[in-house]
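All chains are identified by letter, namely A, B, C, D, E, F, G, H, I, J, K and L, in their written order; residue positions are counted from 1 within each chain.
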Amino acid sequence: MPALILVLNGPNLNLLGAREPEIYGTTTLDDIHQLMNKSALALGWQLDFRQSNQEGELVDWIQWGRDNADAIIINAGGYTHTSVAILDALRAAEKPVVEVHLSNLFQRETFRHHSYITPVALGLICGFGARGYVLALEALRDIVS
Amino acid sequence: MPALILVLNGPNLNLLGAREPEIYGTTTLDDIHQLMNKSALALGWQLDFRQSNQEGELVDWIQWGRDNADAIIINAGGYTHTSVAILDALRAAEKPVVEVHLSNLFQRETFRHHSYITPVALGLICGFGARGYVLALEALRDIVS
Amino acid sequence: MPALILVLNGPNLNLLGAREPEIYGTTTLDDIHQLMNKSALALGWQLDFRQSNQEGELVDWIQWGRDNADAIIINAGGYTHTSVAILDALRAAEKPVVEVHLSNLFQRETFRHHSYITPVALGLICGFGARGYVLALEALRDIVS
Amino acid sequence: MPALILVLNGPNLNLLGAREPEIYGTTTLDDIHQLMNKSALALGWQLDFRQSNQEGELVDWIQWGRDNADAIIINAGGYTHTSVAILDALRAAEKPVVEVHLSNLFQRETFRHHSYITPVALGLICGFGARGYVLALEALRDIVS
Amino acid sequence: MPALILVLNGPNLNLLGAREPEIYGTTTLDDIHQLMNKSALALGWQLDFRQSNQEGELVDWIQWGRDNADAIIINAGGYTHTSVAILDALRAAEKPVVEVHLSNLFQRETFRHHSYITPVALGLICGFGARGYVLALEALRDIVS
Amino acid sequence: MPALILVLNGPNLNLLGAREPEIYGTTTLDDIHQLMNKSALALGWQLDFRQSNQEGELVDWIQWGRDNADAIIINAGGYTHTSVAILDALRAAEKPVVEVHLSNLFQRETFRHHSYITPVALGLICGFGARGYVLALEALRDIVS
Amino acid sequence: MPALILVLNGPNLNLLGAREPEIYGTTTLDDIHQLMNKSALALGWQLDFRQSNQEGELVDWIQWGRDNADAIIINAGGYTHTSVAILDALRAAEKPVVEVHLSNLFQRETFRHHSYITPVALGLICGFGARGYVLALEALRDIVS
Amino acid sequence: MPALILVLNGPNLNLLGAREPEIYGTTTLDDIHQLMNKSALALGWQLDFRQSNQEGELVDWIQWGRDNADAIIINAGGYTHTSVAILDALRAAEKPVVEVHLSNLFQRETFRHHSYITPVALGLICGFGARGYVLALEALRDIVS
Amino acid sequence: MPALILVLNGPNLNLLGAREPEIYGTTTLDDIHQLMNKSALALGWQLDFRQSNQEGELVDWIQWGRDNADAIIINAGGYTHTSVAILDALRAAEKPVVEVHLSNLFQRETFRHHSYITPVALGLICGFGARGYVLALEALRDIVS
Amino acid sequence: MPALILVLNGPNLNLLGAREPEIYGTTTLDDIHQLMNKSALALGWQLDFRQSNQEGELVDWIQWGRDNADAIIINAGGYTHTSVAILDALRAAEKPVVEVHLSNLFQRETFRHHSYITPVALGLICGFGARGYVLALEALRDIVS
Amino acid sequence: MPALILVLNGPNLNLLGAREPEIYGTTTLDDIHQLMNKSALALGWQLDFRQSNQEGELVDWIQWGRDNADAIIINAGGYTHTSVAILDALRAAEKPVVEVHLSNLFQRETFRHHSYITPVALGLICGFGARGYVLALEALRDIVS
Amino acid sequence: MPALILVLNGPNLNLLGAREPEIYGTTTLDDIHQLMNKSALALGWQLDFRQSNQEGELVDWIQWGRDNADAIIINAGGYTHTSVAILDALRAAEKPVVEVHLSNLFQRETFRHHSYITPVALGLICGFGARGYVLALEALRDIVS
């Protein structure tokens, strides 16, 4: 059975592409999904790609991933900086976690410099836009088999 | 078509009037709704007035307002001080935002002195009770046309 | 009519027992429920025992308890450290509140040393595992009649 | 006798309209005065409208207002963030105080996020430009009779 | 031989009951001692119950407990917040420690929010008055045998 | 020639006695002046007793005292906590300075716990109301001859 | 019966006069005692004057004063900055407390700028050397009768 | 018409030369004025040289300079560290500003390390005594023409 | 001409593989070089791969890269957290910069949570060991052409 | 007469050797005493070696040493981090002081990184276990004669 | 023999003129050297003008200046904010030091607001571009003879 | 083969003896070298004694010591407080490290109170001048064999 990678997107990421296209480009979350699918196919893996604006729903999904996924890639959006509940869920999941952010958080407001997720993640990839998601898959290459 | 103002109320505001009436008075959230309706009518505007205890639902509604409303008036209650997700949604909405609070936050606990919302709002009105909501409508007079 | 104690459990507590049993033991949230039921019976009280990963749902339930419960025992999990909304709901509830934590928070990460709940709670019991829930019932003995 | 509202303007507000008109618009402090007069007339109130660059003169005027005014509307400009003397005068005045700022202070330098005045004010209105002064009058409607 | 529980009370706790009875009630430290004795009897344990205003004497007693007691219940009063010496003694004792406070420290001055004792204690019980001492005994039920 | 003591009173102290008499008593600044005069007479000293709401006027007077007074007693009111200019003037004056406050500043807001004046004062007397001014004179007994 | 004033001196104050006489002068603690006795006589009061290097002994004496003294004058020496136990004892004593220090603490190391005692004291007198003790007696004139 | 340079001196600078001459030397503010005049003459510029102890008067003069001066050289003395009003006036003036201090502020008390003026100044010159004023003129050579 | 990627390694990275192989594995810096060469070949790019323990030499090399390289990949080791000079050099270079770290810095000492480099980097990749270097190349795919 | 070195040991150091021998080794305080005696003999000095759990007793002994000892070697245990009284006593003693700690404090909890004693000590030796006491004697070789 | 002024330039200053000329202008470090030479000639002084990217080389040069130069003018670039070694070398040099910066550091990132050099410098000149170097020479006029 | 002790001296230590001899004495670094040689001889050890002003050269030498030395004694001078690179090199060296400083750092500027080296050192010896180096050798007696 192919490995299953759970890809979680937090609040407001559903607006990608539509929101200020002259700044963020026209890549939508769907485009990212397809980009990743292509890479996953090459690696022989399957994706479960989701988005939610609800902190609790993200916690539910991480708990689901605990029983069903081989690894978790997460861009928790605004919850990155405020959610101990997501941190606890990720720690309990006991799966390799890769944290992704589209923008370089360290060039933005100070409160975005702190993440509750990095301490339980394998590693962090930020600042490379949509490509960061594909790099996250690559980063799991030797870890998920 | 008349302008549409989205009015959002955060957690626990549904208790207004019922909770400690000897302190907060007997004005309910419904009373505020009707008070605002009267003012909106005078301005030739329509209101969409909602309340939720869910951070994610408020994010959903702001995203809805992004496509459908002309301005947003928000009293995010406790999420004012903790929600980066709501901040991000409001910034993405690209609508004039007025922040309202019933009480004077700066006379309460220190953690209430910081708001994630003010930096993306047009302005802030706090400390005037139910009347603050009507002032918020007035504040939009030249901005929403 | 017997007194009704509302027992609220926050995010990730549904994983208890299943998660890392060699560390946390094999006691599940259900086991805790039954343990408490036995004590409640002895005290002539009834329990309403719930768990949710949703911050807003916990707020809803506290508001429900405001009209229906005689006291609230709460282990808010990760929301303990981040939720002003739960704090506001508990204050509005005007019921005796006992805060419980399975682990000794003061031996963990610094951000777990601060709780938004303790200032509105009658008292705090932490570090005694499942037994802490039973102690919380005991602590209400003279207060709930 | 009609109610008397003392309107105080702090340092540099006399430059309004002349200073960087492409940014701040061409509304002068005189324009604001006339705008308020119209509203005051409608409310049956009288205004005493003043401006000073002197911290001590503002203290003097607040003390004068203590004996002669029914309420105080104040935009203390730069003294907002540094003057304990004005805070003390306002507290001693024992009148309803409304704090107004033309700009949204929370989008500017950090030292402008703290106000010595808000803790003794009824409420705060900021970010709505000249209109904020009129809203301040409105805010006093049920309080000054 | 029955288990021996050392119960230590720090400075000013000897004033209990006599001091401001309209606030703290008329329960004295002796009453607490007898309350605990009753519970200890039921558990088949023996108590050694002491009070001192001397930081050093409390250190001596903890060192004594290191060789003679099965567990330590401690309310260190004001030393809770300043005594590294007591912390060191408790750590050296290598016994289960339960920290008790009559009042909810987190509702008092900020300097009472930090305890040097909690990091070496099994757990913390605070805010339940005299009953907290009995709960502390209960909390040791499965630990002391 | 008798020694001359310059007594300076900062902003809002002219309101003493009139302001909230049920709290602050009915002692006015004039009463304090006369109380001090009696003591000064006994010591064979002369007083120059002044009050101003202007920071700069207080600086002027301290500079005047530099050439004309033997010692300075100062209650700088709100400027105590914000004025480096007064600090510099007092240091340049090279006279014995006694700092007086009617209330116990350390029981009020945190920003009142810091004084720019104490580091250049001989000593501080606070919390004894009008009597503090007389104590300040007494404190100078061996210093001014 | 004459009023009894308890005068407490903390650690190292027994060295006064002997320690670095070229700096601190040759006034000993005994000299201070006699100076105060003279003033006390004039006021018709009795003194109980003590010194201890033991934090706990000072707590004991404050507790004794609770039952026997009319007021407490305290120079807690180094314990001023670290002892919550003394703070608690003084609060429990419910007597007027005057805090005295020989030197101007605000001109010394930063850790001496904070006192645990001032918040429970009537007032503070510091920087006037031995004379400060006599001023403390004076300060109690209208309070102790 | 020759360029006009407004030179502003804040509180206590009028004491220069008279105050502690063995430390600060015997250079007076008048001497500085004449020193600058000589340099200004060489540059073909005119000076308007003023001193005030009043924060508000300095604000008035900066506003005057806004309409009449080509550049501003300012040594705001103690107001450097406390005056937002002067900062606002300087920003509104929209003229080149040079900040001067006689002493090296970074070798003095910590509160003198922060200046509200530097962020709106062209540059800062400090530590060179009276010569710093002449350097300030030189610094404007290519900027004022 | 193929694009040239400058790969810079800071202090102590030359020890890789030899240092604590049971922890860090046996991958040496040479192995990483060869791993990257393979990827660079596939992308049609050339590498210039260097290591230095000297802060200034790294600055020199970045300045060299300014004229000769198309992009910079940098793992500045310990200088990441302390070097403003490297930050300035990278900003002056005006090339795309990717920051890499072998370990997840956010799981180590607090002083490693801050990087002077991230604010001038395109993005950050950390926690994926040697693979992070290859991901860094991948991240440049659309940027370097 | 041979020089007399006062060696003071603070709280819990009497437990040395008995406490966790597998960690701290089996060296007791007595062993340290004898080790030092041997070195003292070689130097022609006499030791006065004491231990107390009482902060005040340590103050007493330092005061005794002021009149009788030539130098003081002190390991104040937990009081190192909280005792201003011991600091004051050491400063008053006017003897050379060497501070010793068995463990390397800078590798333990943050509150152990600050010592009230080091600023009044000649120097600090920490991290070398029992040998540190002997090094402390050596360090006094040229100072005590 | 003419006085010798050592002029030191830290990391990245060699890029001046070439780097972003539209922002920083086309003045190179060589141009500054020649500009200073002209001024030095007029003063009858000689310059030794150097630049290095190496912190240690700057330390070496300051030590050389200790024996050979009459004064030091230093723009330490990025090392200004991070180098205690340079601070120590400058203090040991015992020569008059003038600190220069091209830009106004107080309008840039917060970490540039602190300089290790200012506390050992005669004074600071910043924000006047290349002209600041010439002003630094002028500032030494009466000091170097 | 005799044990080899690497002794490293950081920036500005080459000036020892020549720099301010009236303060630091006339002991040079060479004298310290010879003093240590004598002690090393007695212990049967060999020394490798070096000094550099270059942070990177110190890193190089520590890496050399990793393969060749039995222990490292280091006085990193100014780099003590700023160098993570040296910290990393020392940790990688996996040798016993003793940190030495001539002066008592805790009596100097605050930034000298923090050392990056102590957390990886066996222990710290500071404040004993040249003798501290000999004590450092002594401290290694039982550790290096």
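Note that in this section a contact is a pair of C-beta atoms (placed from the backbone, for glycine too) under 8 Å apart; a residue touches a chain by one contact, two chains touch by 3 or more.
Only a predicted model underlies this, so the values are computations on that prediction, with no experimental measurement involved.
Taking the definition of touch as given, a chain qualifies here only if it contacts chain E and chain F alike; those chains are G. Steps from chain D to chain K, taking the shortest chain of touch contacts, total 2. Of the two interfaces, C-E and E-G, the higher number of touching C-beta pairs belongs to C-E. For the pair chain B and chain D, the distance between mean C-alpha positions equals 24 Å. The centroid of the Cα atoms in chain D and the matching centroid in chain F are 31 Å apart.
Put simply, the C-alpha centre of chain G and that of chain L have 49 angstrom between them. In chain F, 54-57, 82 are the positions where the chain touches two or more neighbouring chains simultaneously. Of all possible chain pairs, those that touch are A-B, A-C, A-I, B-C, B-D, C-E, D-F, D-H, E-G, E-J, F-G, F-H, G-J, H-K, I-K, I-L, J-L, K-L. On the chain F side of its complex with chain H, the touching residues are 54-57, 59-60, 63, 66, 82-89, 92, 94, 116.
Interface of chain I with chain A (complex): residues 104, 106-107, 115, 118-119, 121-128, 131-132, 134-135, 138-139, 141-142.
Interface residues of chain F, counted against chain D in their complex, comprise 10-12, 14-15, 19-20, 52-57, 77-82, 111-112.
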